[in-house]
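Across the two complexes that follow, chain A remains constant while its partner is chain B and subsequently chain C.
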Partner chain A sequence: MKQAPAARTKPKVSMASKASISRRRIESLKDFSFAAPALLILGVFIYYPLLFSLYISFTNWNMTRPMKKFIGFENYDRLVSDPLFYKVLRITFTYTALDVFLTLAIGLGLALLFNVSKRFYNFMRTGIFMPYYISMVIASMVFLWIFNNQYGLLNKFIGVFGMDPVNWLQNPNTAIWTLLAVSIWKGVGFTMLIFLSGLRSIPLEYFEASSLDGANKFWQFLHITFPLLSPTTLFLLITNFISSMQVFQSIDIMTNGGPLDSTKAIVYWIYEMAFVNFRTGRASALVIIFFLIIIVLTAVQMILTKKKVHYEG
Partner chain B sequence: MSSKTWKTIRLIAAILVTLIMIFPVYWMVITSFKTSNELRLAVPTFWPETFMWSNYAEAFQAAPFGRYAVNTVIQTVGILFLQINLAIMAAYAFAKGSFPGRDKLFLLVLAALIVPEQVTFVPVYVMLSNLRWIDTFYALIVPHAVSAYTIFLLRQTFKSISNDVIEAGKVDGASRFQTLYRILTPMAFPTIATMAILTFISSWNSYFWPLIMTNSNDMRVLTVGIAMMRDSVAGDEALNFHLIMAASVMIILPIVLIFVLAQKHIITAMSNSTFK
Partner chain C sequence: MMFKKKWLGTALAAVLAFGTVTGCGGGDEAAEMPQGDPNDTTPVTIQYWHSHAETQMGGLNYMIDEFKKAYPHITVEPVFQGGYPDLQKKLSAAVAANDVPAVTNVEVSVVANFADGGLFQDLTPYIKRDKVDMEDFSKGMLQAYAYNDKQYGFPLIVSTSVMVYNKTLLDKLGVQPPQTWDEIEDYNSKVTEKEGGKTTRYAFSVPGWDTWYYDPWISNGGGTVLTDDDTVGFDQPESLRWAENFKKWIDDGSLMMGFGKGASDTMRQMFLDEKIGMVEHSSAIIKMYVENAKFDVGVSFLPGDKERKSHIGGAGIVMMSGAKEEQKEAAWKFIQFMTSAEHNIKWADETGYLPTHKSVIDSEEGKQYFEKWPQYKAVFDNFDNVGPRPQHPAYPEMSSVYKDIVGEMILNGKDPVPMLKENTQKMNDVLSDY
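This part shows the complex of A and B:
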């Protein structure tokens, strides 16, 4: 390799170059001014609020009172000694784990089933993808109706098989599944599409070569398709995990965190603390904990990406 | 089994899965045409006995949906206009401009992607209530004026455009603004159109932010309005699902329309742009 000359001759400062330096400065200022509005908005509505949250979390601020006092870690102490805190974390992680696993598993299954380049299959794929763009609020309304205790279609359907109606939304064991149903219904189409584009990027020679060696479809899936899909899988894992952790809309429409707090996920609890009980300080402490969890998960998964994922070439 | 049998089995499975997936939408539409009595039949009907078009008029009167629709349109158009324009400018600066700290500042833009609105809403609410912006369009629009993701994608597109184009513009005496809006922006049109569609859909569907940032009936958007309508019949909702579903159909209509018109565009963009 050839080394670039390291030493540079110091330019002599003349009147002309001074003018060009100041002209360049104006040019770069003009360039910066194009980025400035976006940076300003991000600063005011993302970065400043993050720091402000951190500050509020150390105060006893209550939105109904103008007074606030610095109270150190008291909000955090109160949270970690509250049994509900652990319950909420458990619910959030159970929901997230099930949501991510089922959405990815079903999405991959759909991708394998629909990996056919025919117009009719294309048409069907569009139908499966459509729920992704329907508002979560509307989707929740429809599922509320399907899961309705007395007149809902699901209970009528299981009645055909002689099963007793289940009070899906009011039973602490089943309520979380109603939320999962909406989320999975909305999410699998997108997951399928991303898996499909992953599948199509696997070179066909791999399959041809192993077919010649007498490998069957199942062996090929385990040893070729699945490992080579790992960047896609990881991408979906990260994005789905983080968005599942933020579940709110379906809870607000379908269960309100109940019955018996069985669907109180973390964002819903933050919302309740801040806007129903007006405990701004404690809600902010919970926000900070929530954000730390998201950062840690993102970091862990980024490290995993570098180590484990099989990249081709 | 022969490969033809396999193909048939696969096709049947695919059709079944598709029917299951679109069933909730079908059920929403069908329910919206039933009478309140028909909702409560022992054996549900999969086709309405008579099509009650009047349900739509009735739903429209059950809550001020006209007002909600206007609010939703203003919110959506406002966010769309600001997000696209601020992103075009920022993406230009980060792709073609040169100023000290450019790449570090761009990292700061990317890092914003990690911060969900569920993390910032409490302090932003406090800030906006000090500004007396709560329950105004400012609160609905301004905090969403910038999308880091749009900046990121547009920067990629601008980077792929040769510098010669910009130099040619300079030679012709065009200002930065003119070069950007007359030359670069038309060249990046496919990316901009895709981002505009995705932004439209997400602000039309947004619920969390408008729920928190507005509190008067006059400022509600459609998603919040229908949630309130349902709350107003809580307990008796089984008698009212035909109206709730009629309102739902009206709310998703624009989205379905856009989806049908632009689905090919959206799907290709989605599968290409997500992790490249």
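This part shows the complex of A and C:
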């Protein structure tokens, strides 16, 4: 494609080789100039910060002192020898697993339920999708009120059934579920919509043929719908996985990582380290570790699911 | 060609990375004497970065207008930078970009951190030159903005923790809020109400969600959070008395401690619903209690034992050392104006924070202020007992260790004393690894 001009000039090697080289240079410069604006933006906002983080991660910079001292791998050493590091990883993975699984399962369930074009169903679909438009900050504020133990909606509701009020946000066992509730409430609409488009791209002939062969709805789902949805599922799995791993806003507003670190997911810990405790160097080391974890896990997901994903056509 | 592009990318990255390595210069030492001429009237504009909430803006605008009248050649541009954490982030970024405001707020707990990094101008030379009456300030409040014997700033919006009590209830029960630890048990037995073993009215509440509230309890009991050689004091028995008592009072159902997000709301609501007789809270929200309670609200200073202190909260006003030379003189004048005795009462009344000068208390304005807000009197009777918080750059991180121990006590009923002892080494490690 792009190599075409270079290939064209190749036969004239002996005589015009100098001219051809300079022309190739011009061509390559031209290519580069097209990519330059995008590269510049990526460079300034993605690659430079990334490399800078890598550099800071080897220093003891604390953001308030202008000097940075190179301390090698000490930040990394201290992180992996801190028990909190493993606790934070466990919390992040638990949260991610539950969030991804529940969002996808509920989203798929809703998609199957609402895969009918009737006015009422259209209305319901819109209703379920609505929370997706609401900013995470506002949603978190609303849920903060819902889960409040004194005047929250949920405790009022369970009070009707004679249950004692629960301290949802201040109990280490329930706090993570309050975060999951916001995330799932906000996320299922989008998941449902993507699943719906996936469902509608499955050719109807498969269902007709299988029902002639006597398959019931459940078998159809298991052997036709679910396998043929797999590209959609993979897409949702990866995007949801990455966004769940990066959970921050809801924690910042609803729990501050507490109580007793029970909701301290990795990004919140990075924030706390950098901006509350001013350990910018160590926070950067954590950023790099987190970056590697996400890259590796995303690659693993793609490789593992490659064989199991059926692409139509 | 692919190869070439990759190479270019690497080169670009290398250049950028190199830029970052060389881009960081060293901080310069503060000069011995102020450079500027105090009588220079060349027009100058300075920025004032602040975290003043909406409710304080009326007061701030008034002060800036008055300042303009006194110094027509100086223009102050106030810039709201969000809450304290946001302000701190932006300050750090401004320092990195070498484009700092001349004057800024700083939250009192991070003074050590920023001062240690050389970001703040040492104001001592200015204070000496203009012979500022330092004796007139509350000693502890000034100390909170000094670090390593240098005065980096002045107290601006000052709060401290106080005991807010239900005066109507206590009068009815015929009890006084405890002034010493010895009086607490007697107070507890009179105020606590139980039904079938469960407390329906707590005698008092100490917030567990922020160490600011119980640090003074540690020192009032004869202990220390931070010793002089920058280690924690939890290996000494006096430094554990607060925890022993808190545990005892929680177990006998007279003390309510909240922990985690929303615990503050809960405590506030329980007090207003008369489920708690007395709560320790910030003096900055006394007005809120007075306005929302259906009963009379009284304020008492923290009860003392070996000593009787409470800690300063809120923010101060400082000059950035990286400000341009021509701005520094103007910045100093502004700082002096904002914290002077002249406008102290007006400022306190507008913002709901505490006056900082001794002389204003007996002034005509001061008398009116105390007539309007008799609740603040308790603080002024203990004016010099409002002290600085433990000052160490790693304090925020170290304190989260014993805050979580308090959390374990509140949420899981654990005994904090052995945990404090066991974690002494961990806290010392945080302090030394700075």
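The rule is short, and it goes like this: the second predicted complex is superposed on the first by the 276 of 313 C-alpha atoms of A that agree within 3 Å, B and C clash if a C-alpha of one lies under 4 Å from a C-alpha of the other, contacts with A are read in each partner's own complex, and residues count from 1 in each chain.
Here, a contact is a pair of C-beta atoms (placed from the backbone, for glycine too) under 8 Å apart; a residue touches a chain by one contact, two chains touch by 3 or more.
What you are looking at is a predicted structure, and each value in this text was computed from that prediction instead of being measured.
Student: Here chain A is shared; do chain B and chain C fit on it together or clash?
Tutor: Pair status: clash.
Student: In the overlaid three-chain picture, which partner chain does A:Phe32 touch, first (chain B) or second (chain C), both, or neither?
Tutor: So A:Phe32 meets both chain B and chain C here.
Student: Figure out whether A:Ile41 sits in contact with chain B (first) or chain C (second), or with both, or with neither.
Tutor: A:Ile41 contacts chain B only, not chain C.
Student: Check whether A:Leu260 is in contact with chain B, with chain C, with both or with neither, and answer first, second, both or neither.
Tutor: After superposition on chain A, A:Leu260 lies in contact with chain C alone.
Student: Per the contact definition in the header, classify A:Val287: touching chain B only (first), chain C only (second), both, or neither.
Tutor: first
Student: According to the stated criteria, A:Ile146 is in contact with first (chain B), second (chain C), both, or neither; which is it?
Tutor: Touch partner of A:Ile146: chain B, not chain C.
Student: Who contacts more of chain A, chain B or chain C?
Tutor: B
Student: Of the partners chain B and chain C, which touch A:Val276 in the superposed model: first, second, both, neither?
Tutor: In the superposition, A:Val276 contacts chain C only.
Student: Between chain B (first) and chain C (second), which does A:Leu154 come into contact with in this model arrangement: first, second, both, or neither?
Tutor: Neither partner.
Student: Scan A:Asn62 for contacts with chain B and chain C and give back first, second, both or neither.
Tutor: After superposing on A, A:Asn62 lies in contact with chain C but is clear of chain B.
Student: By the touch definition at the top of the document, which applies to A:Phe52: first (chain B), second (chain C), both, or neither?
Tutor: both
Student: What residues on chain A does chain C touch that chain B touches too?
Tutor: Looking at chain A, the two contact sets intersect at 28, 31-32, 35, 39, 47-48, 52, 63, 144, 148, 150-151, 275.
Student: If we count contacts the way the header does, which residues on chain B are in touch with chain A in the complex?
Tutor: 10, 13-15, 17-18, 21-22, 24-25, 27-28, 31, 39-40, 43-44, 86-87, 89-90, 92-94, 96-100, 102, 105, 108-109, 112, 114-116, 118-127, 142-143, 145-146, 148, 151, 176, 180, 201, 204-205, 207-208, 211-212, 223, 226-227, 230, 237-238, 241, 244-245, 248, 251-252, 255-256, 259, 263, 267, 270-272, 274-275
Student: Can you name the residues of chain A that touch chain B in the complex?
Tutor: Touch list, chain A to chain B: 27-35, 37-39, 41-42, 45-50, 52-53, 56, 63, 110, 113-114, 116, 121, 124-131, 133-139, 141-146, 148, 150-151, 153, 156, 185, 188-190, 193-194, 196-197, 231-232, 235, 242, 246, 248-249, 252-253, 267, 270-271, 274-275, 280, 283-284, 287, 290-291, 294-295, 298.
Student: In their shared complex, at which residues does chain C touch chain A?
Tutor: Per the touch definition, chain C meets chain A at residues 1, 4-5, 8-9, 12-13, 16-17, 20-21, 24-27, 85, 88-89, 92, 95-96, 110, 113-114, 116-119, 258-263, 265-266, 269-270, 393-394, 396-397, 400, 404, 407-408, 411, 433.
Student: Quick one: which bits of chain A touch chain C in the complex? Just the residue numbers, please.
Tutor: 2-3, 6, 24, 28, 31-32, 35, 39, 43, 47-48, 51-52, 55, 62-68, 78, 144, 147-151, 169-172, 175, 254-256, 258-261, 275-279
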